[in-house]
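Okay, so chain A shows up in both of these, paired with chain B first and chain C after.
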Partner chain A sequence: MNFLTSHFMSDIFLGATNGVLYGLIALSLVIVWRATSILNFAQGAMAMFATYLGMTMTEHGLNFWLAFALAIVAGFAMGGVTERVLVRPLYKRPEINSIVVMVGFLGVLESAASAIWSSSPRVLVSPFSQNYFQHGNTTIDLSPFALFQIGAALAVMLGVGAIFQYTKIGLQLRASALAPEVARLLGVRVNRLLTFGWMLSSAAGVVAAVIITSSSSIFLTPSVMDGFFVFGFIAAAVGGLESPVGAIVSGLLIGLAQQFLLDYAPSGLSSFAPVVILVVALMIRPQGLFTTTKARRV
Partner chain B sequence: MNPIATFKAQTPTTFRASASIVGTLLTLVAASWLLSPSTDNYLVLAAGATIAIMGLSILTGGSGQVSIGNAGFMAIGAFTTAIIGTHNAHFFIVGSLLAGTAAGAISGVIIGLPATRLRGPYLAGMTLAFAYVMQPFIQSFGSLTGGSGGLYLNELTTPHWFASLVGDSDNLIAANARYQSALAVLVAGIALFFASNVMSSRLGRAMRLVRDDEVAAELVGVNLAKTRVLAFVISAAFAGLAGSLLTLIAASASPSTYGLALSIELLSLLVLGGMGSIGGAIIAGLLSAYSGQLVGKINSLFGVDPYSNVGANTKGIIFGVILIVMMLAAPTGLVGLAKKVTARLRVVAARRSARSLSHG
Partner chain C sequence: MISVHGLSVSYGAVRALDDVSFDAAPGKITAILGANGAGKTTLLRTISGLVTPKAGTITMGERTLVGMKTEDIARAGLGHVPEGRGVIAEFTVEENLRLGAMAANVDLKTGLAAQYEQFPVLGQRRNQHAATLSGGERQMLAMARALIAQPKVLLLDEPSLGLAPLVTQELMGTIKDLCASQNLTVVLVEQNAKSALRIAHDAVVLHLGTVAASATAAEVAADERLRQYYLGLVEQ
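Coming up: the complex of A and B.
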């Protein structure tokens, strides 16, 4: 029996595909957290809403890639508007206020999506085949579609990394997250950059939502992102909420852990596993597994 | 502005006890005279929601920890009672309520322990994860919990003395409804008495100190970890009791009732009523019970078909908007708003009398 087609490798492939998606959502949460110290509970719902907009475009005959691009544009816009309207009044308030407002926004978006598009599942068809690759007469649990998911997620991760590392706006973003007062004194338009941080995060979330829901096994529903958001949050929290690399790595680890638990653990345990992973990881290192010092590179 | 109401200094226990007893009795008498059996169902819903919101209020208003997972604790209480009820045809009401409360409290310890090390958004996210996994967790024990269909119990029927007391001996359906709502109001009264005791006890003061200033709390010898966990346990016990009570009276428990939407609804109602106050929890509970009717009125006001997509989701949209608007505009809730208005009126009245004095 070939190693690539073994049961173990099948778990690795399936787990890694999910894990990359969790990592992407976690990354998008980390961007917002670093910029504004707010955990965006509505992140999954915002991405879901933009995906519905894209899905509507494909129903009107638009091609998948154009609809995808439009959804990303909608994501940028939603992120910006959300920051300006909902989040800006929260900066000097106790953190309980921001939690409650973002949870409220989550509720509004999910109900609004059900009101507009109904809660019955919709289909977003991607141009990639979901038939598994064949190796001789056995199958490898990887499809062109899974490669598209992994590729798109990695592209966004690298893109975000490049923006933070190599562009002027990235440098300013890091500066205004680290020392907003000093950055402001040095002429950085901190408020604009915080808006940009939210736009970037929201758009990254939209990419995640589109590549998740264009799978033929996951339909688009108003609550489709709930579970992915929970896993993305867990990945971000385990990674330390501040660390983009930590978020991506722990996303991958959690995807793999979940897949192996699904396969080998009793069903009650595997459904409860995310909470257990989060609790255990945070008990061991409350500051996150990947946070070492105050100063960070990315 | 801090959204959490500051709690007044000590009110004596005798006052709290008599207030609870009088309040409960008044509600019961008013309900049995004013309401028809069909509206008694709303009283049950209001009682259940009040208990659950009071628990959340102790946690969030009292100790400053936000939970988006209290629907999960409600589910645990609900299914504990349902499992007991389906296995024993003749179960004690008090026993199964206490079992639901205890199950909620125990799960509160488990979920609360990490809370000693988690703050704000981390903690809220963890409770969200807990609420999210609760549904599949319950469903995965299908043989015990009935899977996604849930469990059904025997209806709670009135004893003869109660039926003759309310004068409905010949109409058992009405008598049952009255009995169920009386039980619910009684349980809510006891729970609120307990809540007011907790809030004004040493533990309640310790919780508020931990919420406002951890360093000061540690300096005066408050055990931070213990206080945080206890707040969680009490909150979860209230949620367990609420789930248990609603299950007992609805005679059914379904995992889909206790989803993320319910957690958000509880939080909205808490914010609307006002955190950390008993009056706020009662207002919020009543609003919860009558929210269906209110939303129906709003739907018909705007000419929305209640069975259309829009009409079916008006409630969710309104609850979410309430959360956002209240938090941005009036973070102390209706109770805080009322306090602010009365304080303002008092100032105006004082000025007026001062002016009339100086002119007189």
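Coming up: the complex of A and C.
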């Protein structure tokens, strides 16, 4: 048990907890990128907005789990509406169009959240204790809440993986992303599936936002997801944007690197870790660490 | 049965098809022949709704296809095996077939069994990625994937492209058998006029987007002028 309380394991626990969150955000970005070749810069803001809706429910006395579920439903709906209204006109347009629109949407959502809920920090309380587990007189840097975060993130990752790999809709979604024209010739309603891809991605992002902001050390503000989004985005880029597994592994890598640098390197260096990893990874493999397919334009 | 009447398609200022008409009947193979750029692929893509025509009508049985979405045309019973085969390389053989069966609402198990019986090599390779298949096997897979949906009409775009002569011969035999046994309406686009004419009942010769000739395959094959000028079939 001494090992579990060691400094090394402490870094692993703390780093992995952040890492799975980055991985989940990265996964959400990869789903949308694979399906529609659009980088959803508003992903964090959409998740933030749905989380505010959930938070409002808890303020009105709804319990955490129901509010969580409603936030996820709101995430599904937001993803679908966003694809139909904002994103669909962007297909087959220059990439800069989608970047401008999605960054603009990020601004709109954050402003709207400030207007509705004010920008003062709000609290979303999870039912899990954030006190670290004790072993004798020593502390293991892992709390029931951290286990909840890791568990929920892993559950979403496995769920998304299972949908993609084993269900009809998953197969059709993959086909729509890989070969939209062939899919249409086989009768697949590609547009509907792309909408579904956005819904799935958005809901996964909401899970990340809820489990991040229900921590007692992080308050809900309109810009709460900005930092997490940047790290999630870097994880997706390091993984190669195409690879769900790459996104998750890169997220973990970045979380761990941050934690170890925080501990062993001069202060301030840890915030650079993700960027350094991004630069080094892209220098070694410009197509991303986990991309096996060749470059393609959809 | 497919009936095309007065079909015209333009890509900007370029006229790809100009007043094209022909009928393709069930249980028969209609070959669409012509050189590169004659408009053969455009014709199939227009029938499938991937290209919107400027004028003309296309009907499949009682249904008017112009204006329908590609996926709805497919669901109405039109199978289209595109040029370059269009198998999804990242999918396994079976995933490709499952995808073909999905929209058509056919029983997957019986559908798969039927295709593996028709194309035994696909059964042997069912869990392999399509990327690992040979050219001929990919063509088999593309055809099986279209056939599993039990289409009434099958459009084949250059199925012999890149295949060895023996494989082409075998493939043409398979197409002929399928057409007869399932009473399929087959529209076969080919640059390889010789092997297409061997199995086709009717032939339409396209030249720069217009119909240069439309007759039975035997008549086209016997017409020296067509053979020389449009089909590049010169006696050695």
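FYI, the second predicted complex is superposed on the first by the 291 of 298 C-alpha atoms of A that agree within 3 Å, B and C clash if a C-alpha of one lies under 4 Å from a C-alpha of the other, contacts with A are read in each partner's own complex, and residues count from 1 in each chain.
The working rule: a residue touches a chain if its C-beta (ideal position, glycine included) is under 8 Å from a C-beta of that chain, and two chains touch if they have at least 3 such contacts.
As the structure is a computational prediction, the values presented were derived from the model and not from experiment.
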After lining up the shared chain so the two structures overlap, which partner does A:Q172 touch, if you call chain B first and chain C second: first, second, both or neither? second
State whether A:S223 touches chain B only (first), chain C only (second), both chains, or neither. first
Touching A:I234 in the superposition: chain B (first), chain C (second), both, neither? first
What is the contact status of A:H135 with respect to chain B (first) and chain C (second): first, second, both, or neither? neither
Contacts for A:H7 in the overlay, against chain B (first) and chain C (second): which applies, first, second, both or neither? neither
Touching partner for A:V182 - first (chain B), second (chain C), both, neither: second
Name the residues of chain A shared by its contacts with chain B and its contacts with chain C. none
Which residues of chain A touch chain B in their complex? 33, 38-39, 41, 86, 89-90, 93-101, 103-112, 114-119, 223, 226-227, 230, 233-234, 237, 241, 266-268, 271-275, 278-279, 282-283, 286
Sort out for me which residues of chain C touch chain A in the complex. 48, 50, 69-72, 74-75, 80, 82, 86, 88, 90-91, 95, 98-100, 102-104, 145-146, 149
Partner chain A, residues of chain B touching it in the complex: 1-4, 60, 64, 66, 68, 111, 113-114, 117-118, 120-122, 124-126, 128-130, 132-133, 136-137, 139-141, 260-261, 264, 267-268, 271, 309-310, 312-317, 319-324, 327-328, 331
Taking the touch rule as given, give the residues of chain A at its contact with chain C in the complex, in rising order. 168, 171-172, 174-175, 178-179, 181-190, 293
